[in-house]
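Each structure below is given as structure tokens.
Paired with chain B in one complex and with chain C in the other, chain A is shared by the two complexes that follow.
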Partner chain A sequence: MNSRSSRVAAAAIAVAVGLVVASCSPAGSTGNSSAEQPASVGNSGTDSTAAGETTGAADSGAAASGSATAPGSATAAAAPSGTFVVARTGDVDKLDPHLATAFQTIETLGLVYDSLVKTDADGKLIPGLATSWKTSDGGKTITFQLRDGVKWQDGDAFTSADVKASIERILDEKTSAVGRSNLSLITSVDAPDPGTAVLHLSAPDTAIYYALASTNSSILHAKDITAGTVGKTPDGTGPFSWKSWQPEQRVTLAANADYWGGAPGVASLEFRVIPSESSILAGMKAGSFQLGVLSDPSVAAQAEGASNFALVKQPVLSYHVMQLNGRRPPLDKLKVRQAIACAVDRQQVIDTAAFGDGQVTGPITSPGYQFDPTEGLPCKPGDLDAAKQLLADAGEGGGFHLKTIVETGEYATSVAEGQNLQAQLAKIGVTLDLQQLTTSPYVKAWLDADYDAAVALNGGSSDPFLMYGRYFTTDGSLTKPAGLESKELNELLVKGNSTDDETVRQQTYQQLQKTLLEQSPWVWMFRGDDYYLVSSKVQGFTARADESLTSLGSATLSG
Partner chain B sequence: MIGLRWAAVRFGGALLTLFGVAVVVFLVLRVIPGDAITASMGIESGTLTEVQRASLEHYYGLDKPLVVQFFSWLGQVLTGNLGVSLISGQSAASLIGAALPITVELAVLAAVIGTAAGVLLGMFAASAPGRWRDGTAQTVALLGLAVPEFVLGAVVVAALASYFGYFPDTGTFVPLTSSVTGNLSQMIYPALVLAVGFAANVMRTTRSAAVEVADADFVRTARGKGVPAGRIRSRHILRNASVPIVTITGIQFGYLLGGTVIIEQIFALPGLGRLLFTSIENRDYPLVQSSVLVVAVGFVVVNLLVDLLYRVIDPRTRAA
Partner chain C sequence: MSTSAPPPIAEPVESGPPTGRRSPTALLRRVWRDPGGRIGIVLMVLMILLALLGVSGLLPHGPIDQAPQDRLQGPSGRYWFGTDQFGRDIAARTFAGIFTSLRVSVVSVLAAAVIGTFLGVLAGFLGGWVDQVIGRLIDILFAFPAILLALALVSALGSGWVNTAIAITVVYAPIFARVARGPTLSVAGSEYIRAGRVLGIPTSRLLLRHVLPNVAAPIVVQVTLALSWAILTESALSFLGLGTQAPDASLGLMVSDARNLVSTAWWTLVFPAAAIVLLVIGLNLLGDGLRSALDPRQTSGTRPRRQRLTGTRGRTS
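Moving on to the complex of A and B:
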């Protein structure tokens, strides 16, 4: 689930506030409502490469490649010029990358700060501030060779002291860093010389590279940490430097001409806040923006066939799912969960709720670990007869009700998904009692596992352990809402994460996916699309599954 | 002449109103589930350790008792400090100071356009009650009331972009003081959209008041004395019908001060409505409380002005 903020709650409160003001006022009147805003945790990283020896392929930087590329993606190596304007519905919510949760914040700060390693558009690990790394001591020590000649925005040189101070800041509980749980196996950080940083772990942890690639693990200037100025004015080593922020209006970044990966193709980058997606579409038609970021399929459908911009659809790592609470009867019976998983025709959910934009998915969405999305299920999804038989075998042939929570206002398809699932499951006698909740009450019910079923949009990652370790390992931080404890799932996750042998990882995570589908703690449905409206003047923009906008570091404008 | 007693009563009432608003908003914000931590982190708040949560509660000031939170905020307000936004770290006063002029300008523009159009249409309808012009004007007003602002706003934005290749781009808001034309090119469309509903309400009030006054004895007398029809309409009918018109204008203007959220969203205007909306979403308590207080002050001031205006327009109210 991601955490875009509570639109409807806020709208209701706005109305209530208006009413309060009005009723307290002699003449009286009412308030008003509406709007849009997002937020959530992003993560990155993927694929095999894993620990052990890894490339130091010098300066490829953000110049990744990848899926869905904008029309005319030639790369013009002209001097940085022009202002690239990105329109999106929400604003950054804080300036500290270690605390960032909103997508907008992660997207923006990811262009200002760097991390030790990065991922390319296919989710593969590539060098970042570290040019190479190697493991020793059975995978419990990782030594990073740092990039030479990198400078902070104020001109100071980047050194291993910055790495040490940054990681220690994340690990300090008082920081409340979002990514702390993903780095919790780090016991200490050494900086033996300015160009080398060494991480000591309590156990081998392959997922740590992907955790380190996240914006939440950005390397900060040690001087800023000591001075307590982190979060005031961003001071990074990324392709853009921080210029200004007018809350709820725009963020302006300037090209960092000294960037180690090469100077950006535009002189400045502006993120504008246009709360209504329809208005973003209108602005693109009028040529006011170079890039529009949308999430609502119904708005994106209106963007087809425009003459001055292209619609790019990018499947994302996050996934739409119906979580079942296996601690409550009758969902504690395996066959009941399997019956529900069998009864749901995933494609029908995509067609009705998401205008057909989406891909049926199994539990693992990483491009590096693509397996059959149904292998493990006892029957073909949509097979109602098999589902009814499973219910009868479980002694629940008479049907039952499930309290099902649905989050409203966070993402466009939630309610339609719930209603479609309700219609489909009614055919096998399972009645979903839908409870539509705004974000905060939904999050509370979700964290307390106060539901039989929960329709959710959960964040994905390129690393399977980062996706499911938190839910299905015995010491995971979200085992309660996971709804099911399984020794087998725990063992598979721990095994996959403690090896850097790619063949073993592939086999282990394939088995993990199969076991998840067999045990059916949840009903995995589909991966949705993000939509980018890309002006025909833009060259070199690449949409990514992890929703990162790092390709803006090399995008250019023509005309 | 405004009596001292009248002024004291109104001023005291206004202060009580503001205090009541502050208390209610403070409580409402705390009663709804969730806080700044869940609003900001969503389900990730479930991954926090106890120490992390405590640290965040301290950061957001949630670790203090409610009474302390309220009075520490109120104490700051009384000393002229509206607090600091939990999200951006900027002072609430500077954020509100940037947003308020936009909303006030939008409200004033919409009110001016809406009042002028509404009064003209209302007088036009009242000039021949029950006849075709009355029916036409009432139908137009009904349409204005029936079409929701968000529909009209979205249609205007889409039509401007599709047919004229124009988007009222407010990413860089131009204040009136920098460029009148630049500012108006951004503000006129949202103001017109808001003015439609405003005008419809004013029209209906104007019409019914004018029809009632037109039957009064003094109007008949004026007609009998041979006063020209236009003069009767402006000096006798409109003047005497203006108390309810001023009332409805005042109420609607107050509504606009706190109620332009939807239009500010559609036209991406960084006004007070949007600031308030976003700060509620983020559970940015100091900013919500101070923004609402400013809206409430706006209401109270507008209502005081309306009351004063009554006394100017209608000498009979001065005795009250």
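Moving on to the complex of A and C:
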């Protein structure tokens, strides 16, 4: 009797172990979903560094004519103290801001390095290392006045030579900089005196300011570039200076007391790598971290109502989309694409796959360019009869199969979105054959457009041209996964980017959004949320749509 | 990580002298007399009925039908086991998942039993270099942790239930070879086999008619135990995203999907997990009952003290 019951017990235990292991396992172990996504294949348009509290500047807002005002009305807090611990699922992967694609790397290096200009929480340009800038020569020359008294981590003074060396490094093909294509209109950089840098462009380029605001366009120390030490020990001008890195464990930063925007409110900042989002949640409950960064809505749902921290939901610029490959039949027919776009009830995808956390969006997610998310579609989303009619008109009423790639792993909701889309589109006779791929084969298939449809999470930007120029202009870097070439889209993008007249830009980009929806190269679904668990001891943290942690430069701890 | 404990090697059943054929019904009756065996039979009959119900299409909701307006509802008269995040019926998915698990395990274990037994009997009967080659081959396969080998195979072959079954077959065939080889060795040396040789009976006939029936008992027991481990392996692979693919129902996949929902919607986890537990317990009890029923030393009602014999080793992973 004995041995039998022990066998049964063993089996039961084995199952129990399986279930416990289950609760802390794979998909949950990856975080910031969009990090390694197609988003980052081009340029995630994530903006850069600190000092959200510069005031007075940039009330003129618009791109081309930033005005200069003294910075640093920073809350001159008491002597900074304490260690601020941030828990997130991934580690930094490299230390060179020009090569960074992972969100964790961009978040971290964005606090160590500065860029010429920055964006505020609303996506408006504000001064960074440049205090003012003006255009001349019909928009083809940009002159930056640089900030005085900025010091590198090693004590050297920041000058225009650093700007020239940094931009030339990005433009050098050998660097393989992530942001090179966004700065490709720059023909040369001059440094007439230490406080002035001049960019010469081959054509007017409005998006260039947003490209320069990216962490991928960080200004490096010219000395480090010459010595070849970039990427070994970060040496920046940001609110924090680099202290140490234990890969897959933690990154430690120290406050930069000389920061031009005012010294940070904490003495040091530590990023811990906690692979499982559930463990981050548990650590927050135990009070081990001051800030937890999550991306999985089902984990975030368990964080509601805690007493010692708050759950902050921040809509992000990245967007969830089903990309269609318009180069393959039957998707090459406009009406077929429109039928699919019509059939998808976006809200249902949000409710099922993202547990209701998300906002239906059109193509353009930039806060400065918000338009009706469905204007241009020939019908109301979710209208199955209209969709069926469109299919019948296109001669595809009998239905067809689409090979659809979804990602397992980093992008937590992709498979769920795929399953809901599959169920929805089945109603109009379109069968999605889901193919689940892990991150790297997925990105490869995506880049090669080896699919009929792809459920993707693509990076957004404050500037519509930076979002779609790479897909829908004739010389874009991602025209393959765009799946559609359109002269009209190309013209609209080029037109919007070559003017600095805000009214014209609004009209042009509204037309762009409308045309994108009408052509339906993709089915735009929704913007998700990022989730921040913020300890009640933290003051001054602001989540941002561009997923930057800039506000840590001014956050303080109490108690 | 691994959900796998050492796969089982049945406690060897004495392969005694030829005992004559037992009819399957007689065997079942003997298992039924054992209280544990009885529970095992009942559980397995129940599970098989549920599995058939799951694929019969007779249920009010299909396993992949989504009803978004009813998502994440608790168990009710309409949805017996509640619904998941898509408004799919957990009951329908659990039953279909039991079918998926049973299908993969039965196919893979039968294949493993046939291949493994063939190799084991051959090795034990022929001896010499054949034994050496087969023995080393088995050693190589045993050197891999079971779940790791299955994972590697599925990654290489691609997911889907047939590939999962192939992977489980490869992992479990060596166990059957080991189990079959030992008794074959003792049978091969017995008087009646020698007599058969002297009479000029061809080797193939000797193997089929005289050796195989006499080594069958431990293999039958091994099959039921391997089935329960195959169910765990299939669940583990699906849990890791390498077995059955969404939206198809599979117990491991359902547990995986439910991980983060357990605090808000316990029913998404409890029912598929319970199905795995019941399947495994049922098969283990059945295996235990079979073993005592097949034990030649067994006299009805009492069982001899069993001891774990050495000679086969478990695998750890």
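Just so it is clear, the second predicted complex is superposed on the first by the 484 of 559 C-alpha atoms of A that agree within 3 Å, B and C clash if a C-alpha of one lies under 4 Å from a C-alpha of the other, contacts with A are read in each partner's own complex, and residues count from 1 in each chain.
One rule holds in what follows: contacts are C-beta pairs under 8 Å (C-beta built on N, C-alpha and C of every residue); 3 or more make two chains touch, one makes a residue touch a chain.
All of these numbers come straight from a predicted model, not from anything done at the bench.
After overlaying the two complexes on the shared chain, residue contacts for A:Gly195 are found with neither chain B nor chain C. In the superposition on chain A, A:Gly399 contacts neither chain B nor chain C. In the superposed pair of complexes, A:Ala301 makes contact with chain C only, with no contact to chain B.
When the shared chain is aligned, chain B comes close enough to touch A:Val85, but chain C does not. Legend: residue contacts after superposition of the two complexes on their common chain; A:Asn420 is shown touching chain C, with no touch to chain B.
Contacts of A:Gly429 after superposition: neither chain B nor chain C is touched.
In the superposition on chain A, contact of A:Thr101 is made with chain B only, not with chain C. Shared-chain residue A:Val178: touches chain B; no touch with chain C.
When the shared chain is aligned, chain B and chain C each come close enough to touch A:Ser278. Annotation for chain A, partner touching more residues between chain B and chain C: B.
Across the superposed pair, chain B and chain C both touch chain A at residues 3-4, 7, 10-11, 13-14, 17-18, 21-22, 25-28, 278. Residues 1-5, 11, 36, 64-66, 68, 71, 85-87, 159, 228, 232, 235-236, 239-241, 245-247, 255-256, 259-264, 269, 273, 276-277, 280-281, 284-285, 288, 306, 308 of chain C are the ones touching chain A in the complex.
Those residues of chain A whose C-beta lies close enough to touch chain C in the complex are 3-4, 7-8, 10-15, 17-19, 21-23, 25-28, 278, 296, 298-299, 301-302, 348, 351-353, 355, 408, 415-416, 418-420, 422-423, 434, 436.
Those residues of chain A whose C-beta lies close enough to touch chain B in the complex are 1-7, 9-11, 13-14, 16-18, 20-22, 24-37, 39-41, 85, 87, 91, 93-94, 101-102, 173-176, 178, 180-181, 231-232, 245-250, 270, 272-276, 278-279, 281-283, 285-288, 439-441, 443-444, 446-447, 470, 477-478, 480-481.
In the complex of the two chains, the chain B residues touching chain A come out as 13, 17, 20-21, 24-25, 28-29, 32-35, 38-49, 51-53, 55-56, 59, 85, 87-90, 95, 98, 150, 154, 157-158, 160-162, 165-167, 169, 171-173, 247, 250-252, 254-255, 258-262, 265-268, 270, 273-278, 280-282, 288, 292, 295-296, 299-300, 302-303, 306-307.
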